[in-house]
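Two complexes follow with chain A in common, the first pairing it with chain B and the second with chain C.
And now, the complex of A and B:
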């Protein structure tokens, strides 16, 4: 208790130095917290689950994957052929559609990337529980869940309905210039026309906005009824001189399957791989995490750099800042430390006095920084916007509070050990001889 | 912009040096007296600037790659509405007429139009010897070429010595008697990437340890591919591509049609006219025509995004470093209060004290910053994989080289000077305000 009192007194003795050290710690912990939050999410989505996992079936050799829609039913069924074959617990088909709000201005802001799917796979209540095939929508707040279910109901009732991501709504808002801020209620029911681009050229679709995805992972995605998309493809020849659309026979991009565990996944995957129904084009079945990892593979060096260069460099810089402050403090207090030794303080107590001062400062500043980062990034900025592959924004996990305190404490410990050891080794006779 | 800012910073330092009246020897000697603290502070600068240089080298490498790919006298033709090769589907029947346009240059040897029909594909390759955890496959960019010699002329691509373009058939028999292998020409980046799949034995036996070379094989899909040549393509996105016979690989990966038509014009002005004609006045079919160099230069969105993130992270790290130097300088002043009093009594004005301490802070920053620039420069030429994307969608997976150049050094030194000035200013002001008699008391 006495030591703790002394530690607090020492921290308060040179408030300017303590504040500068704490501020240095806070900004560097802020950087590490953000870097680790991004890496944490990437690790989480690429980690293999053992239970309740999702598989993704796509074209075997090339991307973008384009499969005949005739594959949808047998793949959704897990390609069961023989008694004893396993069916997936659930499935969802995705048919991509890329359209522009403005056919003359082909920029990313005018694009809407949407999936044609079965609406109830977006989310439904089953046995009193909310069930979805969309990653990240499983644990919505009751308010967001209710809003999404209402949007899905409207989508089921309106084949030309579309649920859009927040960024799409913001872009529509900007383009129409109605209001400065996105007013979801105002955009609800608004009709939009999308002009197909790229492979979807000539396939122009009209929609009515029926809802918005909860903010986060699906800010850049829209979802609409697959029957509307397939009907539009079927009717295309009637308005184009009898010519089929380029994608008429290859418009299924992927199928998600939900399986209870890894054993079931291995069985279903083997059933699909060995099925004679999927030869031209051939398909592959992989776990969702493996699919995600493949998409992040081109960024592996960048991720490596953030993990093993940027974050450690911040930590070492932090240790140096703390080491600098503590060594200055120890040097200034050599006579005082010598007096303490004469008064009976043991070397270990002196060591802990210095280490404690640094630890308290480092851990406290680290925790404060992580808490501030958590609050400001998550609540004020609504996530850290850093598009990587299919991810648009990252939220700071609650674990960051622990990281912050730990980073501050470890950096403080490393940075202050040598000054603390120097303080422990102060020889009163030498110090007093110099003073005299 | 950076050069101008650096010039301003250097001028400010020059003015400070010119105004300095306190002997520089005194300042430098003080640094050596407190060498441990100075070393710690300078090291913090070294780290911050070193990391900045490496991160900037990454962005610089990406920028150089996208800006250095393609030619200004080439016109890239994609399907109407397609913003990227991977989304494009051209009708083969429309191409001959475009190739016959008078603006398209002709090969002096054969008299054929300098036009290359191509199919761009992104192919899934299961990773050989992949660890159980982590990605099990990678994406490879493959370009199906109809006539490699014409394509080489249009793209302006040459092979490294010892290589040759693939044959008319595009396949060759293998000594093991298995199915014929697909002949392929690789970019230098992808050749390096594929070499990472070699087993230790293969690596030991390889004549070129860091990349695949002529005669070596790899697998994509069910087929074996054999390398017939390596393109001189360092610093371009073609360095990350595999070129092979279009009629073989198109159907193999489910894309029989063409995605791209590349037309060579006489010069850049003719190319612009050709582009404008195809975009606005070509009646037969609507296409998206672009100058090739502009098409690749537009793929700078990722580097802009990374540059923004790097700038943000660096500024935050720099603030941390500034707090470090402030601590050092405040401690230096508290130790030298009496010195300051003596200096004032000797006739040095307040501004001389301010300049002296600012210069001291700048020297610490410069030593650390220059070391950081030197340390970060070790990353020059290191290869890294990344993605480049365009403002209108699409993109490419690339293997690029980190590039440390004078611009990167200029940014590093500028930030060093700014950190030094900001970190030293508040302590120097406090030193300046000290009254001589109070300081000596």
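And now, the complex of A and C:
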């Protein structure tokens, strides 16, 4: 305890230097924490699971994937053809839709990207447990889960219903002139009209807002009943001189399949690949993680740079900042360190005394920085906006508190090892000969 | 253990040289010395004569190039650095010319520092620190930092730190060298008092004839050799 007190006093002997070192550490830990938070999520979604994994079926040779809706049922069934074939545990079809709240003034805020799906697949209670095909909705708080289930019930009851992400509600709020905080209750039941844009031009849909996704991953997504979407496509010719919509035969974008393990995935994947039903267009089945990895392929260099250049560069800079500060401190205190040796402090104790100072400084500043980053990014900014694929924003995981302390501590240890070794090697006889 | 014959310090045929490039600098040459327990020994000599080097060898801060150094029956010249460190804590009290107190610590904490290595309880440490500070007359300055004390007071804290572990031997390297005449006199009186009341063996390196006068015996070093002994 006394030695800890001595360490703290040594840190406090030059407050300006200690504060500057701590601030330098905090800035660099902040950058590394941000980078690692993004990489952590990407690693998580691209990590190959061995159990309860999801497979994604898309068009084999084309991006974006566009499949005939006739594929939906057989793919959802795992393309079973003969006895012994296995079926997926669950499935979900996704039909994309992009519309604008304002047909004339097309802005990012007026766009709504939504998926047409079976409401049940968004979430339901099965054998007393909440099950969903939507990643990230598996472990909601009881309150969020109840609210989502209520919204899904309303969606099932109302084929023109739509569940929107928080950002969409905020945009609707703004467009109707209310710039105050979003009042979700007030927006419930509000009717909106979306004007199809891009490939969905001419496919204008009217909706009634029936719920909101829990805050987070689906802030920029809407979900509605696929029957309504398919009906709208079917009825399109009636209002367009008998012409079918461009997407009439190719409006199924992907099918998610849930399988219990890798062996089941391999079987189902083989069943789909070998099925004669999916030849034109051909389909491919891959795990969700490899699908996401393929999706992230264009960003590979950026991610590689962040992982192997930016983060290590920050760590090295951090070590050098600490090495510089501790070296100066050790150089200034050579006579004191020599006195401590005279008094009986062993070389290893001197080494740990110096390492302890930098460790405390590094780990403390690292932890403070990570805690500050966690609070500011998650609570104040509501996540780090960095759209990649389906991910709109990233939140700093709670693990970051551990990373911060660890980054600071490791960088401090590495940076201060040489100065600490110099300190342990101080020879009192030489120091005092020079002093005298 | 060696035969001590009543001598607490035995230096036998010690040779110490340093190398500066290809040049060899002989600082101590074939030096033999015995210091009986309880003696107050003064070491004098011109700069570069080897006084401090001899003191460092006896205090276990350096090792001889040749020869043996025994203190309190232990051959310290054969100890490793870590062994020497442990040995110094219990056996040597060092008083420096420039006090060398840790500026971030109070007088109390400076004196307590060597006791942290002995595994004593807080109350034991407190008792020993207060005894040492009372002996040097600074019990009312325990919370003062070195910067808040005069040179003489700082040296008294240094002396308290040197005696707090009740060492076998007190070595003082020009303890009055940085003090005015009055403060120097007070320090010398204090060393006399310690020697009388605690029966400590004291080795004093000094240039100051008035300091040397206090010693039981004064040895003169010249070019690394003992050249004269005065009673």
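Convention: the second predicted complex is superposed on the first by the 431 of 436 C-alpha atoms of A that agree within 3 Å, B and C clash if a C-alpha of one lies under 4 Å from a C-alpha of the other, contacts with A are read in each partner's own complex, and residues count from 1 in each chain.
Criterion: a residue touches a chain if its C-beta (ideal position, glycine included) is under 8 Å from a C-beta of that chain, and two chains touch if they have at least 3 such contacts.
Note that the structure is predicted; figures quoted are calculated from it, not measured.
Legend: residue contacts after superposition of the two complexes on their common chain; A:156 is shown touching neither chain B nor chain C. Of the two partner chains placed by superposition, only chain C is touched by A:346; chain B is not. Residue contacts after overlaying the shared chain place A:336 against chain C, while chain B stays out of touching range. More residues of chain A lie in touch with B than with the remaining chain of the pair chain B and chain C. When the two complexes are overlaid on their common chain A, residue A:190 makes contact with neither chain B nor chain C. Against chain B, the residues of chain A that register as touching in their complex are 16-17, 20-21, 23-25, 27-28, 30-31, 35, 46, 48, 59-64, 66, 98, 103, 106-108, 111, 195-201, 246, 250, 281, 284, 286, 290, 293-294, 296-302, 305, 309-310, 313-314, 316-318, 320-321, 323-325, 327-328, 332, 386-387. Taken in their complex, chain A has these residues touching chain C: 2-3, 6, 9-10, 12-13, 335-336, 338-349, 427-429, 432-433, 435-436.
Across the complex, chain A is touched by residues 36-37, 40-41, 43-44, 47-48, 50-51, 54-55, 58, 79-84, 86-89, 121-124, 133-139, 220-221, 252-255, 301, 305-306, 309, 313, 316-317, 319-321, 323-324, 326-328, 330-331, 334, 384-387, 391-393, 397-398 of chain B. Remark: chain C residues 52-53, 56, 59, 61-62, 81-82, 85-86, 88-90, 92, 94, 96-98, 100, 102-105, 112-114, 116-117, 161, 173-174 touch chain A in the complex.
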